[in-house]
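Can you keep this structure in mind? I'll have questions shortly.
In order of appearance the chains are A, B, C and D, and numbering begins at 1 in each one.
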Amino acid sequence: MNFNQTDDRRMISDSLRRYLADQYPVEHRIKIAYDAPFHDAKKWGELAELGILGALVSEDQGGFGGEGFDIAIVFEEFGRTLCPEPMLGNLMGLRLYAAFGQSDKVDAIIAGTARTALAVFEAEAFTDTSEIATSATQSGENWTLSGRKSLVYGGHAADTLLVAARTPAGKIGLFEIEAKAADIHSYAMIDGGGAAEVGLDNVSAKCLSGDAGETIEAALDAGRLALCAEAVGAMDVLKEMTKDYLMQRQQFGRPIATFQALQHRLVDLSIEIEQARSITIHAAGAVDTPGRALAVAKAKNLIGRAGKLVAEEAVQMHGGIGMTWEYAGSHYAKRLTMIDAQLGDKEDQLRRVMELMSA
Amino acid sequence: MDLNFTPEEDAFRAEVRSFLKDNLSEELATKVRNGEELGKADIESWHATLQSRNWLAATWPVEYGGPGWNAVQRHIFDEECCLANAPRIVPFGLGMLGPVLIKFGTEKQKADILPRILDGSDWWCQGYSEPGAGSDLASLKTRAIREGDDYIINGQKTWTTLGQYADKIFCLVRTSTEGKRQEGISFVLVDIKTPGIEVRPIKLIEGGYEVNEVFFSDVRVPVSNLVGVENEGWTIAKFLLTHERTGIAGVGASTQALHELKALARKLKRRGKPLIEDPLFAARIAEAEIDLEALRMTNLRVLVDASGGAASNTIASMLKIKGTVIRQNLDDLARRALGPAAAPFPMEALAGNLAVAPPEAAASAASYFNNRKLSIFGGSNEIQRNIIAKDIFGA
Amino acid sequence: MNFNQTDDRRMISDSLRRYLADQYPVEHRIKIAYDAPFHDAKKWGELAELGILGALVSEDQGGFGGEGFDIAIVFEEFGRTLCPEPMLGNLMGLRLYAAFGQSDKVDAIIAGTARTALAVFEAEAFTDTSEIATSATQSGENWTLSGRKSLVYGGHAADTLLVAARTPAGKIGLFEIEAKAADIHSYAMIDGGGAAEVGLDNVSAKCLSGDAGETIEAALDAGRLALCAEAVGAMDVLKEMTKDYLMQRQQFGRPIATFQALQHRLVDLSIEIEQARSITIHAAGAVDTPGRALAVAKAKNLIGRAGKLVAEEAVQMHGGIGMTWEYAGSHYAKRLTMIDAQLGDKEDQLRRVMELMSA
Amino acid sequence: MDLNFTPEEDAFRAEVRSFLKDNLSEELATKVRNGEELGKADIESWHATLQSRNWLAATWPVEYGGPGWNAVQRHIFDEECCLANAPRIVPFGLGMLGPVLIKFGTEKQKADILPRILDGSDWWCQGYSEPGAGSDLASLKTRAIREGDDYIINGQKTWTTLGQYADKIFCLVRTSTEGKRQEGISFVLVDIKTPGIEVRPIKLIEGGYEVNEVFFSDVRVPVSNLVGVENEGWTIAKFLLTHERTGIAGVGASTQALHELKALARKLKRRGKPLIEDPLFAARIAEAEIDLEALRMTNLRVLVDASGGAASNTIASMLKIKGTVIRQNLDDLARRALGPAAAPFPMEALAGNLAVAPPEAAASAASYFNNRKLSIFGGSNEIQRNIIAKDIFGA
């Protein structure tokens, strides 16, 4: 047992941290994350050059990483700077392209010359794939898709979309479409970054798999792990900001950090953050094992709880300043809150744990 | 013990309900229900509607143009307004300055100012907090130095709600630096168009604009704008802090939020079934409903007491803490009911022909974030706990 | 609307408070509550003389009270002194005897010359009556009961038992048996006072009603209200003890009441106690209305949560001394904790609220 | 990053498991599982069993008769013992005094005392807390006054766990009242049969008897019983506070408690179905399992670190807080699983032919109440928070 990062990972993590600190100072991040195109499109190639995308898939699939710990280090750094680049959608898409042997696409995405996103969820199927209504119809060799996909992360900045749709056989298949063939409504999210609604009206598609349910679940779990790691990075920073604020802010003639009630509350945050870090490590170690679903569900549940606590307590302990757009802490708090809602919230994950526990 | 409203109170409720039904437009109620930002015109027109019935200044005695209601009537009125999705009355002139003038103002001040609050001629805002003096109000630094018949004011106020619409601002300013911190503070009325005043917007966490910074540079104000006694403004500040705090629990607003939440949970589906049939989610709604039921009763206990005497500071602080916790929990549940669809900015969620969320819930994340203010502004919940602790431990 | 007690109720409440303070000082209570017969049998007649039992039923049923507020004032005083007399079982039994017009029994119980208890729950039917397995068999005019009743409060000190049993028609009937006809195993509870297991092996019984389910539910709700009021009384006392301890106990050279973290925690307790008081008033006002079930379920849920918080925080803030048998506070904490388990705990009540809410 | 145990560690685990299978009697394991009070003989015989394999003094170096395990091995051993329902090792001689002597004792002290701990000749207990000095240990008042070659000890200790079985007690006593409160404290060994010592039982909240008060009246102890330097006992106290705190999280015990809880929830029925199918109850079990999973990993992170260096005080305090909260939550769930059947005293619940509860769960309420001590004794969770806060804020 060993909790040290390998040298390779430490290098990626260090260089990514330096790059993001340099290129995404928080004022810049706040400026770009809420206005179209909701990220800094020019930077994508540089991130690819740093090897970030290659780190997300394994060597035999064309990358040079792909383990849970690789995903975690990339997204933890993203969390530290609230980087709004559409990495989540590309992570999930990349892993699906890789799983179905689309090596050209994998190479292009790793090189930064193509971007993709995964379109799974729908207004009445936000938490699992069982209620997917988008349908795939086959006519000879040609497939077309009809339906509506919701909250497609990175869908605003993708060349191709991977769409989960119900096949005539009743299975969940995975299809690739050109983004421009769909009706795409892009928007900013309240915590920054973009997503899209995707309307599909007989859109012509390429079938990657007619029975992709379990593979899609694995890609979603990779995404959930990424969100956990992102949250850990954001929590660390927000906790530090809160601590600094408490030490600097004076009330009743002394720093409010000297008030025991606030001290104990910050201690409780710190404990939950350690727990969040631990469960994320646990999930990262399990993401390629049979224990994947349980470990990831556990992690995202705990992250959801810890993130909410950290966000709410940080804002409360900051007082008014924490309520302002101008103060970076408010954006960390929003991100931590809204991460929970992505790819199934803490109660959805708890339900998975309960199901796997009683099985 | 009798938990029933009197027949008179029931009749009053019916009267209010019927008035709201006839006078609150569907359009305005929908805006309120959907959590959309109201414009100045929306608010002014609603104030005028209420004033047409003499119901605008709920806490004012009849002689000054109020309806002369007791605490239970005010509670009923508030509850009905919330249930009907009426806009909240902007309190700075009506709920704060009015009562202050009625208690501390000169006859001339009352005669000049009160009617203009009622008829909407003056929109007042509040200049209390400062960057270094939020919950610790007594440490305020904005100075007013006497020069002949004027004060010259320099300093900065912040968190001034709806200051962007205001004609006037009432301020706590420091007129003396001698004695204890609470001494030497005065309560002064200022025309916001006076040279030297600048109002700058503060954008809040969710992206909305409702509070401001107000800067004072050599702002000249006649001494006749002083309310009460110079250097004794702290008395007025304390009066306002303890005045009419029975509405502080926000029972009406939370009741309406609970209604909306349940409607939403019946409408939205998860795994093929209405969300309200999900035991984990339903359990959280049920707990919120139980907490609110208890708060409603706590509030009524205080109200009925306050109809005769004054509510204790301690119980008011309890109502503030629990009321905000419950409201914030309801907001949290509404946001979570939507799942990931809560994420887009409200306007973007509804734009185009691919709306992400139902209109009445599109602002749920924005409301959740905005309402984090409830436990911070107006004396943070930490300050409220200090107040209660002082009472319990007598220290 | 009016939150003052009537003069009659204030008189009962005052005289009961004086009596209990005089007769059940906490050292005495601790001595009697845990050893057979788990209460002070000599005192029952005196309580009856004070009118406590008469206060629990209405005038037209032979008493002189019977409203929710009457129940509440009696049990709140019991809670203040942790009085271990078997009043809960008698309350529920009395109301059932009254409901089914057994006026001789009602009179005897009010006079203190007879005691009863309600035997409803079973090992696999602890929360509602739907799973009751105890069976009633009719042969001519004669009924016999067979089965096993569990946790019969006051069953250790009753002359007659009222037993809920399944009739041949599948309904829940209510039957009266002589206590000595059953196999009774009495025991102390960990929070004091007694209860009994009741074995029924063809015990001859009198049928009070062949379809008593809803009436039994109403009696149980009266019992739940009583438990809520008892908890409010106990919480008030325990909070005061905790406050006094914090002010008196010195650590690091000053009273621990001066530590802000502890202050804020005691404030949070105080708020929950006010909420508990309010919801109990609400339930007391609703116990004879169509809103009974919902109001009582709400009350007992909140009481369960508040009681646990108050008990755990009081022990924690006392430190070691709160862990000792000798210190009265520990018994208040146990009672507050275990009240939740009686007649359906906070989650059982929450489930009722959910069902009534969605109905 | 590698979250797997090494093949050597896996082999070690198998070895421990097999030893427990062969050497832990069903009868003793059942007692432990059911939460019954263990007698002195139970504990002594189990200690002897472990000592027969040289596994009793887990933290001692080989030269003193320990197994020489590293932290990960100790963790594996502890986890396996918990899962097998082995009795906990009584720590006062083995986990506390032993390491103190090994670090601070004279050669004679080591030679005289350590073997008698291992072979069970001496049962040690701990004389730390006093009525006025619980979490604030430095304020202790028990005096030891030098008289020739003896100390004369007067004072009172409390919360002395299993003192009723003890032959010896190690104490912190005040040998000087000069300087700071932490100065002037000494660490002294006392034979509990010395004239002037009285051990009185303290009955705990749930009715059990495991702690005591120990009174000292003119108790004469040879100066050679001093460990370390006179007036520098605080160094030893601090050493003990930070020594081997990786077991502090109680991960093994909580894991076993979770297993038992799930088994119980599968066995008990509510509304005709196993309790584990009740979504609200299952959700609480699931959350407890998640928290424990995270704690296990936090603990391993510390352990692996500690195999090389020392665990930080802060993280040890975090493990204590979270570990006790999780354990207390599991106890709470087990108690609630039983519903009202948790109420009878354990012995009464099982008496007669009308047992109220399953034997393995009959003590669940008693355990719940007893384990409220976990967050109080050994430095309350409030004190742990103060320690962490000091680290965070550097104050």
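One rule holds for everything that comes next: a residue touches a chain if its C-beta (ideal position, glycine included) is under 8 Å from a C-beta of that chain, and two chains touch if they have at least 3 such contacts.
Fair warning: this is a prediction, and the values are worked out from it, not measured in the lab.
Colleague: Quick one: point me to the chain whose Cα centre is farthest from that of chain B.
Modeller: When every chain centre is compared against chain B, the largest gap points to D.
Colleague: Where are there more C-beta contacts: C-D or B-C?
Modeller: It is C-D, judged by the count of C-beta pairs in contact.
Colleague: Rounded to a whole Å, what is the gap between the Cα centroids of chain B and chain D?
Modeller: Distance between chain centres: 53 Å.
Colleague: Round to the nearest whole Å and give the separation of the Cα centres of chain A and chain B.
Modeller: Comparing mean C-alpha positions, chain B is 38 Å from chain A.
Colleague: Mind checking the centre-to-centre distance between chain B and chain C? Centres are C-alpha means, answer in whole Å.
Modeller: 42
Colleague: For chain C, which residues are shared contacts with two or more other chains?
Modeller: 260-261, 263-264, 350
Colleague: Going by the touch rule set out above, which residues of chain D reach two or more other chains?
Modeller: Where chain D meets two or more other chains at a single residue, that happens at 279-280, 283, 382, 385.
Colleague: If we count contacts the way the header does, which residues on chain A are in touch with chain C in the complex?
Modeller: Touch list, chain A to chain C: 259-261, 263-264.
Colleague: How about chain D: which of its residues touch chain B in the complex?
Modeller: Its residues touching chain B are 279-280, 283.
Colleague: Going by the contact rule set out above, which residues of chain B touch chain C in the complex?
Modeller: Against chain C, chain B makes touches at 1-6, 9, 72, 262, 276-277, 279, 282-283, 285-287, 289-291, 293-298, 300-301, 304-305, 315, 318, 321-322, 382, 385-386, 388-389, 392-393, 395.
Colleague: Would you tell me which residues of chain C are touching chain B in their complex?
Modeller: Residues of chain C touching chain B: 1-6, 9, 69, 243, 246-247, 257-258, 260, 263-264, 266-268, 270-271, 274-279, 281-282, 284-285, 298, 301-302, 350, 353-354, 357-358.
Colleague: Write out the stretch or stretches of chain A touching chain B in their complex.
Modeller: On the chain A side, the touching residues are 34, 121, 123-124, 126-128, 130-131, 148, 150-151, 183, 185, 187-191, 195, 197, 199, 250-252, 261-262, 308, 312, 315-316, 319-320, 322-326, 330, 333-334, 337-338, 340-343, 345, 347, 350-351.
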